[in-house]
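Order as written gives the chain letters A, B, C and D; numbering starts at 1 within each chain.
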């Protein structure tokens, strides 16, 4: 049985259908990439899965249970955590306190939660900033904080919304390493990403959507050679740069 | 039966006429909220300032409030601009609790300034048309109320034309729709905000003039008008100008 | 125990000893300082920590005062018990308000309007209830005894108010370091992000508003048995709601000591300026001053005066451990 | 006859009489208390005065404070308290800001500063807070103005009231109404009662309606109209009044709404025999008389009032006029009276001990005062059994100050002629 199943998911805003009858699934332990041009409906898919938007129709099943109609917090409790494309740190409190909010989801004891949070902060390479207010962090570190917080909720599946956007190549490489490690610990990952380097390096499978519909699905290297994908999204230069 | 329907018509007319003025007060509040998302808790107090200016122009120079209306609106326009420039512009990004307090404080300052300047007495000047009324059969139409209503409608209409047609008006609507977008196309948003607050203030100042012949002035009535305007704006939909006018009439009739 | 704790214990010891040296009148000022610090702290739980702005907190003071007095007058119940009845009733009302506000996602200005509306409606309702004294209010009987929460001198009131302030401080500190407090702050900082991390925001919002209302209502019972006179306009009015939030905002909202600091600054200030201006025929001047100070603090010290005090006290504070 | 704490500050007030003139009270306050300190007095006795000198009632409160002060200056100028070796009196000053908790706090401060008696505080709400404090601290408290019956119903030993109670006020209204209608031989049949929906308005109109019903007078209340304090528009209410076809209106109002009501009665041409106020402000203040001019004529109000002919009034008024440029009005005259009563009690007590002051206050029999009423005596509750109201009517006179005239009781009347029924508002 797949970990997450999306079945004919549809969501429209006014006249605009952002997600149109989309179906796919994620297996346990998998890293799945979701790519597509701006406005293709990627973030809407995330919002529907994580409970921030109710889908108009279709179903989202996580470990065999429907997640539709549930509130975001309860979906997170089931083990499905997400990050936001525009990061949402808790600005006026420290990095540690930020991460502890996530850790407290499963750990009632504040002191144990704190120890867990410190571990995660260490793992994410944020140790020096532990006591700093989140608002003072530069963007790359805020992205890591976002990831650290989500990780602290001990998810089974992590939805990452463009965590690599705006990072330089070194930072991207570091993050690739971290995400791979997270995955090695048994956390499945579903990521929206524009940074193709990251997608190519991490994803075991990629889905491409445009106008809310799936236009391709498969291994990363197959997908990027798909004509429809090149037309809609990547452009010819990309192919020569990446896959030859 | 005849008696009852006469009474009903009478009440309806009175309500509609007064509602026009309520609407005018509320339009200022609504404009400010629509553009900046700020509730002007000093709105009624600004109106009272307008009433006092109008009153003194009448007492000292003998000029009727309907005529001094333009000057009073200009004075309150300046007052509004100053308040926006010195205080409100600095609190736009604050959380709402912090936005409420300075505006309530401005109301407190204006109210007590009026108290110190003019004392707590209730003043009710005998203006030229203050006691006139017209009779349509058994129905009485209060002249000053009718004038207030007509002028309120005219001013509202002018504001609409201004917002629709003039460059500045278009900029105000743009800034209220999307602040970032307005900045991107080169609109000086701070200036637009100053203008919006000042125009909102000026309309309430004008409404104050229209009320001078109708009710006694004292420093402490502002608070009640803030509440009235607030209710009208909620009835008509926050930030919706036409709604404010309709809301005003509804409240006028309901009272 | 570090030096900061030592300082706090020292301050508490001094405050406990003050009745030995101060006159009844000066004690009265301190009682008002403690009382407003307590109310500010109660409001702080909802607005400072959870981020939902209430401009109608007078509602809970009124409920606390009226409930305890009603139960004492009609059922002979000691206010010591009645105050908790008032607290529970206030919490219930707050939960109704909270349900409407949080379930339907009223945020910012709209939540503010809801809190004002609740207080105003209650004021009007109480003004029409005959057994609650309707428009005339209730004039309490003076029958001093511990059981009746009434005393001849100011000293018992002083210690009660001091205890309430200290307990509220302790309660908020406990909340602050607990899971509850951390979730409340997360909601204040970003409600969506908190949801995404599994925080049941509705539940924690409801808990916060219920605690805040409960604490505020206890203050109402104190007021009733200290002033002996209840009136709907003064107990449910917006004036009191604003008076109440002034101190935590000036001191620093969302901080443990902000409301107390604010009260120690503003309460004596209003005493002194009233005494000063009342003699010069400058009626209204002290309210203008009050308004100007508030605006200046909000404009130039938006985080409250506590920030500056922290700077001064820095040498006393040891290297901070994670929680703060 | 009273008001409560203020939130909607606006018209939540009462002013029995305020005389025009804008002299600064700063001048007056500069003279406060000076004599007693400079003249190496044998001893000073402190009296605490709590009045609402700031906030919405500032003008009244400052007048009342001045009334307290001038009475004490008068006593000091005449040798102080003889029974205590010419001890001088000193007024220590407090401000209630119209808030009960502030009034209490200020009273406590004054006691702390050595006040042996308290006087004040104009509002019943504040009076209740201070009354309890006085009982707690065991310091006598003489209320100059505050009318709510309940204040003296608790059996407090330390609380006395010079002012008339709300009950006494209503009884006066009925008595005078009966006298006026019988003298005129005209008996209105249909009446409308209007009142503001606040403690004062509701309490007064409730009491008045109840007494009117029990009086057997041939008048029926066909409509009772209540409106909120600080109302901005009464056109609907007046339309309802007109539809009720009343012969007479009994308004219980405040200062702002009386103007709106009267203008609207005029505009809507409501036929009336007259307007008879059972006891509320709004119908005799100098601004009202001036602004409303002819419309104000012939309205009558039952109200605690000054006695302009009394020597005490003339003394007090001269000093008041000199200090403030205004005339002594009801409130300041009662404040003046309150302080005189205290001085009288101290004189007879010959001591500043609470027990002695209480005893001599209970034995008070004081007639040399500036207000309409008999000699001041306190009953066992502390209420003044000599308190009386007057009926005043606005009558045409070129001099604005002479328009407000006492018409009843006969002993105090300034005009023999009561004009009732009155000409219609628009036929003047």
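Going forward, a contact is a pair of C-beta atoms (placed from the backbone, for glycine too) under 8 Å apart; a residue touches a chain by one contact, two chains touch by 3 or more.
Nothing here was measured: the structure is a model prediction, and the numbers come from that model.
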What clusters of chains are still held together by touching when chain A is ignored?
one piece
Centre-most chain by CA centroid is C
Select, from B-C and B-D, the pair of chains that is joined by more C-beta pairs in contact.
B-D
Separation of mean Cα positions, chain D and chain C [Å, integer]:
37
With chain centres defined as C-alpha means, what is the inter-centre distance between chain A and chain D in Å?
75
Shared-contact residues (touching 2 or more other chains) in chain D:
8, 58
Mind pulling the chain B residues that touch 2 or more other chains?
111, 115
Quick one: which chain pairs are touching?
A-C, B-C, B-D, C-D
In the complex, chain B residues that touch chain D:
3-4, 7, 10-11, 14-15, 18, 111, 115, 119-126, 130-133, 140, 142, 145, 211, 214-216, 218, 220-221, 223-225, 228, 255
Chain B - residues contacting chain C, complex:
33, 37, 39, 87, 90-91, 94-98, 100-102, 104-106, 108-109, 111-113, 115-116, 230, 234, 238
Which residues, counting only chain C, touch chain A once they are in their complex?
177-179, 182-183, 185-186, 189-190, 192-202, 254, 320, 322-324
For the complex, which residues does chain D have touching chain B?
8-11, 13, 18, 22, 56-59, 230, 232-233, 235-236, 239-240, 242-243, 255-256, 259-260, 263, 266-269, 287, 291-293
Chain A to chain C touching residues, read off their complex
50-52, 71-74, 76-77, 81-84, 88-94, 96-97, 100-102, 104-105, 108, 110, 113-114, 118, 130-131, 149-150, 152-153
